[in-house]
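First up is the structure itself, then whatever we jot down about it.
In this document, chain identifiers A, B, C and D correspond to the written order of the chains, with residue numbering beginning at 1 in each.
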Amino acid sequence: MSIQMPPAHPFDDDKLKEECGIFGVLGVTDAANFVALGLHALQHRGQEAGGIVCHHPERGFNSARRFGYVRDNFTKQSLMETLPGPLAIGHVRYSTAGAKGPAQIRDVQPFFGEFSMGGAAIAHNGNITNAVALRKELIERGSIFQSGSDSECIIHLMARSLQRTIPERMEDALRRVEGAFSIVAMTRTKMIGVRDPLGVRPLVLGQIADGWVLSSETCALDIIGAKFVREIEPGEMVVVSDKGVESHFPFRRQLPRFCIFEHVYFSRPDSIIGGRSVYENRRQIGVELAKESPVDADLVCPVPDSGTPAAIGFSQQSGIPYAMGIIRNQYMGRTFIEPTEQIRNMGVRLKLNVNRALIQGKRVILVDDSVVRGTTSRKIKEMILDAGAAEVHFRIASPPTAWPCFYGVDTPQREKLLAATMSEDEMRDHLQVDSLRFISLDGLYRAVGEAQGRNAKCPQYCDACFSGEYPVAPSDMIENGFQLKAAE
Amino acid sequence: MSIQMPPAHPFDDDKLKEECGIFGVLGVTDAANFVALGLHALQHRGQEAGGIVCHHPERGFNSARRFGYVRDNFTKQSLMETLPGPLAIGHVRYSTAGAKGPAQIRDVQPFFGEFSMGGAAIAHNGNITNAVALRKELIERGSIFQSGSDSECIIHLMARSLQRTIPERMEDALRRVEGAFSIVAMTRTKMIGVRDPLGVRPLVLGQIADGWVLSSETCALDIIGAKFVREIEPGEMVVVSDKGVESHFPFRRQLPRFCIFEHVYFSRPDSIIGGRSVYENRRQIGVELAKESPVDADLVCPVPDSGTPAAIGFSQQSGIPYAMGIIRNQYMGRTFIEPTEQIRNMGVRLKLNVNRALIQGKRVILVDDSVVRGTTSRKIKEMILDAGAAEVHFRIASPPTAWPCFYGVDTPQREKLLAATMSEDEMRDHLQVDSLRFISLDGLYRAVGEAQGRNAKCPQYCDACFSGEYPVAPSDMIENGFQLKAAE
Amino acid sequence: MSIQMPPAHPFDDDKLKEECGIFGVLGVTDAANFVALGLHALQHRGQEAGGIVCHHPERGFNSARRFGYVRDNFTKQSLMETLPGPLAIGHVRYSTAGAKGPAQIRDVQPFFGEFSMGGAAIAHNGNITNAVALRKELIERGSIFQSGSDSECIIHLMARSLQRTIPERMEDALRRVEGAFSIVAMTRTKMIGVRDPLGVRPLVLGQIADGWVLSSETCALDIIGAKFVREIEPGEMVVVSDKGVESHFPFRRQLPRFCIFEHVYFSRPDSIIGGRSVYENRRQIGVELAKESPVDADLVCPVPDSGTPAAIGFSQQSGIPYAMGIIRNQYMGRTFIEPTEQIRNMGVRLKLNVNRALIQGKRVILVDDSVVRGTTSRKIKEMILDAGAAEVHFRIASPPTAWPCFYGVDTPQREKLLAATMSEDEMRDHLQVDSLRFISLDGLYRAVGEAQGRNAKCPQYCDACFSGEYPVAPSDMIENGFQLKAAE
Amino acid sequence: MSIQMPPAHPFDDDKLKEECGIFGVLGVTDAANFVALGLHALQHRGQEAGGIVCHHPERGFNSARRFGYVRDNFTKQSLMETLPGPLAIGHVRYSTAGAKGPAQIRDVQPFFGEFSMGGAAIAHNGNITNAVALRKELIERGSIFQSGSDSECIIHLMARSLQRTIPERMEDALRRVEGAFSIVAMTRTKMIGVRDPLGVRPLVLGQIADGWVLSSETCALDIIGAKFVREIEPGEMVVVSDKGVESHFPFRRQLPRFCIFEHVYFSRPDSIIGGRSVYENRRQIGVELAKESPVDADLVCPVPDSGTPAAIGFSQQSGIPYAMGIIRNQYMGRTFIEPTEQIRNMGVRLKLNVNRALIQGKRVILVDDSVVRGTTSRKIKEMILDAGAAEVHFRIASPPTAWPCFYGVDTPQREKLLAATMSEDEMRDHLQVDSLRFISLDGLYRAVGEAQGRNAKCPQYCDACFSGEYPVAPSDMIENGFQLKAAE
């Protein structure tokens, strides 16, 4: 069934979209209630659908998968009563890699498999870059896939493993898998957390009373009142049971390459990554941007809501007053009918409105987090000029996004990325603004705490979307004709 | 049917709630589509339900009334196709005065009546303070009420008027009515707008191509690209047809008393009232507050989202850095299941989270728009302290709310208002914060442009909720035992 | 909202449709549950919508009105819990007189009105033949109608009555009303039952424990285990309270004219009318028909399901074996998509299938209850011939339906009635069957117990649909141009 | 999700329930529309859920699976438009073998699997008696099951087959399978039909224009106007493509054992099995029953609706008049709320009502199709006696049901079958009726055309539910402790 989902952010169609959030709890009464809360706090990582699997000693495995927001589904007592037990994991998703056609409930995670030693469920954030090849191989051997999701490969690899325990089978399976993966999985008695060797996607461990929590971000620990314990390390697998947490390192050691875009946009500003506040990192990006690309103006306005911390930082560094020049309609949801040409052309007004009396006659600096296709930047510029602004200057809190992500983020094809085909100056002319500046890659690294900037030989983060340097070869895509950046 | 509606603001249960937004369009193709957009822009004035009535020369009157958000109902093509014609009016509401029990669709406006000279529909923002007495009188004469709404009196009074035209009948009816009312009404060919003699509630006139628009606020003109023409004046009735706008003044002239709380909280910050930006007025409240009640601290944080403009103003006046110390979950909606004591106690965390890394060890000024019951102020204080703040100072962008509103705002009974029973110092002790200061009534008047402050003999605004001085005697309530403020 | 309702009978579009069933209970715990059961038993009298109003000493009046079957709405605990108290009345309806456009929930009865002496609700089976004139008069005096239903006039007339009690006001109102009406109404403490002076529509009184029941038919007494007490007499008003049943006769006495079509088709075969089993009356019609119009054949087959009793009687009288030659699909509901010409042409097969092996080579007598437009008779004939029948003989258990009903039955306009424009022989040729015979009007009267047949000077029943003799002048229709039968 | 489904027959909880109907069409435009119609005609074989899979040359495989009636789901244009192409198969089901807990959409057939040579879908009527063992073996080899259904084994066996084409893989798979199976399957271009070697479940071939049809029963050919071609033979596999129909016999030849209960109850009376009308067979059962067990009485009444043909036969043979003594409420659906003890006790009245005026003082013969638990027979007897019947005689159109079915019919555990623990006389005493007689096994065989009755050495039908002689050993059940009948 095709479902039109409400966009999460005002210009969702012109943003990169994180594909998943994962969360699990072991050792509390009615764990699924906690998982629902955790997924609600992670909703920004995936708005299309959500699922929970749980286990109860007498009532066995139960699951529910639904399209739509966590708050609209996993708040109904009638549903939650069907999800009993002290162990549960959950998943919110945007959409799966390679899905064609309308969304299908069978693609919604967690995936469940029954093995000879018992059942297991698995929830995955990331993307498997050799999934097409793996799937072909598995089908040839007689596996039947339930979904179009790349993540399902993992559970079939586990089903065919010759190992005796589920954690061992998972290790077996993950050694065949390439790409980015943070995983929360469960058996009848254990919860398992894994991060890929590069640690591209986040995963943290928390504690609540006598129970344990795994979560994509710390903000979801806060919502249930859990204490942050530590991040799961790149390449680490933790097996959590009522006896505590065991740690394994099943993969060949590699230097970590955490996704730098989590700092720019994906993660919630109240989360803490690598010991640093995401909000503070974003504010610092604004500070760096003001240092790198100052401009004389009257007001610094964020593009709501994601540009706000960087705009505050830019204002503080530049001394130019911060102001809410654009007001967001907080009741925005699904697309409106737009029956006449007249209405069709206003699109963006449904979501945003210019604070006309404030803007009139002013030189305005607009701070946004990124430019993807550039379509909405252009519309915002027009709204601001219509309202009588004297000048419009864009300052972007990330470098030009010139390459698609293959590690769990939904990006347009390369040709659709504005920065793939234009220089900064060409983009400025294209958007018809008075100035346009992106933060430099080094500036971004400095803002997130790398005082020396980017180490070009051995970058501290995955920044493939900016640099085109892919830390894991996207083998399915290469097979499919994708051209890597030419060696320099 | 009882419907639990999503709260509009994080602490809705501890806010005053505007009861209605009204909007009408005449002279465009498929006017109902424009009305849907206008109501969407006015959704902050009423989230429980919405309705549209329209008229088409061949297809006559049609209507639709629904619980829930405009975006979820009036965006479906199948519904909008049943609402044809060049003339339409609409209404969003919070709840009607005096309603007991669950919300009923029959209480959702616009109300429609068929008179001998044709049908008419009416949408009302405000409250009729003699509705109980009028209703009793009308029932004794044989009128049958469809709803529990005070606004329905108007249409019955019109039905019984001896006048020959609908506008004349409306004048007749409104002369029997006491209280606050901004009205948008329609016949088959005309749109009518009225404001009560004091002009308590807002109403503006706009123009779009050859058509005309009536709206509660200017932000709803912006969304459809209509041009602001002027405010309807207190005591004015405009009759809009394809021949243009006629103006009448059917009531005895009085000095206007616009609701000052529209500036503080109800209106959208991007609306313009009396030629002034609501955002700018709120920022100026922050400036006044910083002048009146300065305090030494490290950060100025808004309570999201309504405290934001005042917090910006406070920061700019005081020089203390502005920061997002509290992050709002933008996916919040209906209440979660809270099955265990443990979860039940966290309530507020579903909606807000403290930016822990930022707050820790800091002296924090929290700027909020108002204190009603005080319940959420206390919870926020606890969250901030739990996160490690060194001091918490509340600064409130309105004077103490000590009296209920009887003019179209949902306020708790007087006993439930914290300021009705405590002094400012007692409230500070009750909330257990390091300091608590409200803006003075004069400071508020200055912030909204009255350089000399409040004219105590003849106040420029309705400020009954702060002062207890009711410009229209709430006669039903007095009949029911309400004690007015003793003369001083 | 437009709702496509499932047809109740296989060829609903070619049947006359009863417009309403009414039911009320006083003096039992949770009376609304009994009313739901009673309405379920009366569902054949109206499938489009149903409503219940009830009263509880502390919780006051409550109501629910829903489109669709009783079993789908009034079986939900969440709904029924909102309908408490020892007194409740209900209504099922097909459609209201004069309704244009899609069905509206506001047209669903019971209607409720608040008078100065308290509230009252009213449910009506029948049709008011001067409703248009009454409505015009009431609107001119300032009444506002909630619905498009003729029945609403009664409650407005009551609201304007100068009498002091609700039963007296109802008498007052009903004296202004022309047409057919059986009514169940309620106040806070009383249940009222009325039949018009001719007693066109049925209404019976029953007893259950210490409580009382009013119902359109006895079959609805059976479902709740109530004892049949007696029929309400034509022109009688009963006022039922916990003190018992008071009887009034507010109208001028007239000779009764019960609707004879209730015997033919509307009433359920397990109901008892005038001391006679409806099933037995129908079987007896078959016996009369076999006497009047015998034919040599191999099988007597009913057109399911309403032709069954008459077919049994025909078989028993004629000695020709009874057989189920046509099988009804008991899962039939809404219309199917019929996307291709090929599928579109088969229509009737969705509902019925010929028992091919049985029919082949046989001379078949088909017994149906009536012929309205004749469209489905024709299709059935084709199905039977396609299946290889040697001959097809139609025997119809009612006289030719040549006139519309204005007393609460939905009939096509006169021109659409096959018998209005054709003789019996012309109809036979039109349907291309081997023979076609209707029961005579006298035969029908004999079958329902009038040994001497019809008294032409003073007919014992209302048979206007057959005879064109309308016992109450249909004044609104005459005003609207309807031509009465010319005097002979 | 748990869904309470409407019972299909008045006393569904006391009937044996067929588990499935299957239907497929190849070679027509929009085949899924035809499949929807076919499944509607087969709805009596499974009311819980339905599914359709189709294939379009450009748009590939599509599918939809829904709980509820075909008419409520597969009639929506929005859904049917997602099911394009000239080849489609479908399935209606009651419930799957071994399902625990609430119904799950993943258990709804057809099942789909993607093999290396392309996709295939499969719909199964019957039951696999070694499914538990097969499932265990497949899981040990790494297969992951999507459902709890026994039928899914087939698709996993196919996935693991070493054969090169899908039909060959299906042969391979079915040779591992024990039990009863009629199957309709499809690839991108072919439709496959199979019956197990004993031919326990029905399957017929039809033709429509240039296209081909497979169906459980002939009544579903009639609904789409398809011509009956022939029955698929026991042990036959047909492969249908646009080149025509190929026939294979992959299994070891065995003497056929068609399910005799299909004649008694499961199949629709307008279907033709083995060249004989099901209706006529049932009428003949009534004739045999009247010969074997005559009784002096006034009326022969069917227990609606399934007892009707046998009651007609009984009446014709005995000369005792046939009458509708029990009337069924045709609007019956989901269970009503039964909030008081008083209402709870009437249960059956919601569905049936006695034709009181007819029954009073009469000696009544009730003809029913079977006695399973006996609970409803008892209630009906009480209703008839309450209505004043002088005597009640039960005549049952099948022998005592003393053994559970393991071949695709939902039967209670053996202990719950009344006939498993009581003799005919004990059952009569238990039911407290004046007499109770079942047809003899030989009488039943005669009625369905075996003039010599049952061949005890080599029975012509599967009659395990009566005789306890299971033609295929129910190996999973034996493993699970089921005791076969001791050899005599």
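What to note about this one:
One rule holds for everything that comes next: a contact is a pair of C-beta atoms (placed from the backbone, for glycine too) under 8 Å apart; a residue touches a chain by one contact, two chains touch by 3 or more.
Here is each chain with its UniProt name: A, B, C, D = Amidophosphoribosyltransferase.
Since we're looking at a predicted model, the values are computed, not measured.
Contacts with chain A and chain B are shared by no chain at all.
Of the chain pairs listed in B-C, C-D or A-D, the one whose interface repeats that of A-B (more than half of its contact pairs identical by residue number) is C-D.
Chain centres here are Cα means. That of chain C falls 37 Å from that of chain D.
Rounded to whole angstrom units, the spacing between the C-alpha centres of chain A and chain C is 62.
Put simply, the C-alpha centre of chain A and that of chain D have 50 angstrom between them. Across the assembly, chain B contributes no residue in contact with two or more other chains.
Interchain contacts (touch definition given at top) occur between A-B, A-D, B-C, C-D.
Residues of chain C that touch chain B in their complex: 2, 82, 102, 105-106, 113-116, 136, 139-146, 155-156, 159-161.
Listing the residues of chain A that touch chain B in their complex gives 8, 29-30, 33-34, 36-37, 40-41, 43-44, 47, 69-72, 75-77, 80, 209, 219, 222-225, 268-270, 272, 276-277, 279-280, 283, 305, 308-309, 312, 316, 321-324, 327, 329-337, 339-340, 342-343, 346, 349-350, 353-358.
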